[in-house]
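Quick one: the structure is below, and I'll ask about it shortly.
Chain nomenclature is as follows: A, B and C, assigned in order of appearance, with residue numbering initiated at 1 for each chain independently.
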Amino acid sequence: MTSDLGLSVDAQFTLRRRPNSEKFLDLGFRQLTLALASLVAIVLLAILVTVFQGSREAMASFGLRFIVTSAWDPVNEQYGAFVAIYGTLVTSILSLAIAVPLGVGTAIFITEDLIPARLRELIGLMVELLAAIPSVVLGLWAIFVMEPAIRPALELLHHLLGWTPFFATTPQGPGMAPAILILVVMVLPIITAIARDALNQVPIELRQGAYGVGTTRWGAIFAVILPAAISSIIGGVMLALGRAMGETMAVTMIIGNSLNFDLSLLAPGNTIASMLANQFGEADGIQVSALMYAALILMLLTFSVNVLAQWVVRRLSLKY
Amino acid sequence: MTSSLSQHNASSKSSGKISGDICMSLQDVSISYGNFEAVKNVFMDLLNGKVTAFIGPSGCGKSTVLRALNRMNDLIPGCHLKGRVLFDGQDLYHPRIDAVEVRRRIGMVFQKPNPFPKTIYENIAFGARINGYRGDMDELVERSLRKAAVWDECKDKLQKSGLALSGGQQQRLCIARAIATEPEVILMDEPCSALDPISTLKIEETMHELKRNYTIIIVTHNMQQAVRVADMTAFFNAEAVEGGSGKVGYLVEYSETEEIFNAPAQQATQDYVSGRFG
Amino acid sequence: MTSSMTSSGRESNTDTSLFDRRPLSFDPKLKRNRLNGLFTLISGLFATLAVLPLVLVLVYVLVQGGRLLSLRLFTELPPAPGLEGGGIGNAMLGTVLVTLIAALIAIPVGVAGGVYLSEYAGKSWFGQVVSFSNDVLAGVPSIISGVFVYGLIVATRVFFGQSYSAMAGGIALSVLMLPTVIKTTNEGLKLVPNELRLGAYGVGASRYVTITQIVIPAALTPISTGVVLAIARAAGETAPLIFTALFSAFWPEGIFNPIATMSVLIFNFAIMPYPAQNELAWAASFVLVMMILAANLLARWLSRLSKT
């Protein structure tokens, strides 16, 4: 209350010595958290080392040819991952091509005050819950529900566009096309969530500015709101691409796991992840090494996509 | 600046009366956000070719009324207007009215400079293009930037981002953007509140130029600014009402600027302009 | 300059003719209004398409899986191929066990890592290494963590000469959980206002006491929300388990033996040509989806609790 009383209390506390045990506890806790935090880096390094070590034998035998050849022949011990790499790229990129407009359109629909707030929240919640459905359940659903349901549509595609190499085969169950569609279902929530956050962060002033010069709602969305949010959206799309490349279960269950190259999207195909899921358990000898080599390529692919995503966000981000 | 004021005074002697060509008219306008009534029973005739200033303590509903004039409040969920806002002989809140068309005729400059994340050139051209401009775009961009007194600073970097300008320049770019679409009325919500004195002075000069062609309505918390730029001044205030959830804004007095500042009819106005509260 | 502005200003009033000027009334036939309506329609259609899969998956899982719901499902083993009946009791137990192992590893490590990042790391280079590694680890495909644990534990038989085991599966899952737990802990702690820390220091509390008794309790809701979601996610993971925990047709025989889990059961039984197995896959999907939705709703409820 009075200043000299305050002083004397202060003095009491500064005079009190901290016991040594408390200092040890303080330091020990810090070191403990540091040690456990460094586990993250160690695990990451261990993953890299394990996969790299495992793939050395295959690297020595097949070199970079591994990437461009498509033989996968355990009998003659010849391995090339072209079919899987091609499948990984094609399925992930095509699924993104479908999911991006769907996801961004959905995000706009639930951020731009087009429908009542209640309904917007409900749609947002449902999209979030979709992300929580395990991939293996989606795979099961794809096998028994989705694929039979879309087969007539795929047959129609074959009918109309069968003259192009991309639809040259008749759809017979598992294949690249159903795998792409199930990937769309899996990356859609990611894209929607990130686009929604990005749109919500566009400042209200910018919207008002657009409406103030007399744009319609969609005029403002296309000309001002989307451009302002574009860097985050692109970053989110890249993250989704990384996820699509590494996605395993649902794709494995519906892609057909063919080891032969086929340009047709209606034919069975393969991806690196599904090849790993299918063969790793039963492989031995140099096949394990070849699979590790493929895993290394998958890691490099997803790593570069993720790093690019962060770079895009930082590089393109506008200051408003 | 003084000359224009005194000239105006000479022409209308009748004190306290609003005379002139009516541009917009508010008739018993009340605006609420959800259940909260922000402004109540505003009657007011805004005059053609004049600068009208809205002054008053913050929170009394000046921005709310201003936004009501070009239906900007439509964008705020839960905002609701009662009464009539007449413009060009029509009630702007009639269900058949297109708010987009209204905003093309009644432009707006906001408190915070908000250039689009586009080039300076595009910032101007965008609005003109969506308003169906058929003339020479380069010429329009230059003319608008000149009228907003920011041409000299911008002419060498038209293809640079509008966000690369300073705050004052950004605000003048926003003014240029608003006048490029040739609106009949320009609404300005505290356009200088985020700016330094020099930028403020430049924008006031701009306003003097603009009022030859446009009707301007400006919200300001700076009374000197009202004296400097406005022909007419409206003083808003807010007071707690029984049963209300907060303070409700209302129009206290609306008259020629001279009168509001030198011989106000209301005690509250007198107190406010002499700095006794607010 | 003034004079030029004035003159151009005067001219400009005649230029109004260069703009489209329409009556103020709404004209639905106008191109811009039509386009506006069209795009609203398209985006609404997209939103419908986006929620459709969830609805369809839920309907099928509920109908196909729900009708098999019985006590037998929880208490019996899966039938041998070709036989009818049976349950998924071992797989349920296995999922719980493997997820528990993963949580017991990932939660302490992850929370400590998050505490380090938020409370100690500052802008140090080591902190940046940790947080960069965490971002990279979060992007590593789940199958890779299976490959990693296979190479590290299964192939080397480090656990009492055992190859495939529940332990290996749990470790593989914990690698996936770790980045999420670290991230949510770090973000949760960063939301704690700094005044709270300063207040604790101000009364002479040590760093350790401040963090464990003031800061972490203040961030408990976001941290537990994140942890619940991470556990739910791990419980549904399959790829890291296929060649670490493997599968077993029998009841769990300890954590150093292969173990059945619901997710691997779904994978194995979905591609079998026997209807009885297919049905069990649906039943396991039902149980798994219910568990995961419940966890998500719990997390949502937790975070709403903190807001009020």
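Basically, a residue touches a chain if its C-beta (ideal position, glycine included) is under 8 Å from a C-beta of that chain, and two chains touch if they have at least 3 such contacts.
Since the model is a prediction, treat every value here as computed from it, not as a measurement.
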Touch-based graph of the chains, sorted into line, ring, star, complete or other: complete
Chain pair with more C-beta contacts, B-C versus A-C: A-C
Mean-CA-position distance for subunit C and subunit B (Å): 49
Gap in Å, rounded to a whole number, between the CA centres of subunit C and subunit A: 12
Overlap residues in subunit B, where contacts from two or more other chains coincide: 100-101, 130-131, 181
Subunit C: positions in contact with at least two other chains: 32-33
Touching two or more other chains - residues of subunit A: 216, 219
Subunit B residues touching subunit C - in the complex, by the definition given at the top: 87-88, 90, 92, 96-98, 100-102, 105, 128, 130-135, 143, 146-147, 149, 181-182, 209-210, 212-213
Subunit C residues within the subunit A interface of the complex: 32-33, 35-36, 39-40, 42-47, 49-51, 53-57, 60-61, 64, 108-109, 112-113, 115-117, 119-121, 126, 129-130, 133-137, 139-148, 150-152, 175, 178-179, 182, 204, 206-208, 211-212, 232-233, 235-239, 242-243, 246, 263, 266-267, 270-271, 278, 281-282, 285, 288-289, 292-293, 296
Parts of subunit C lying in touch with subunit B, wherever the complex brings them together: 2, 4-6, 8-10, 12-13, 15-16, 18-27, 32-33
Contacting residues of subunit A [partner subunit B, same complex]: 113, 117, 203, 205-216, 219, 223-224, 227-228, 318-320
For the subunit B and subunit A complex, residues of the former touching the latter: 70, 72, 75, 77, 100-101, 103-104, 107-110, 112, 114-118, 126-127, 130-131, 161, 163, 174, 177-178, 181
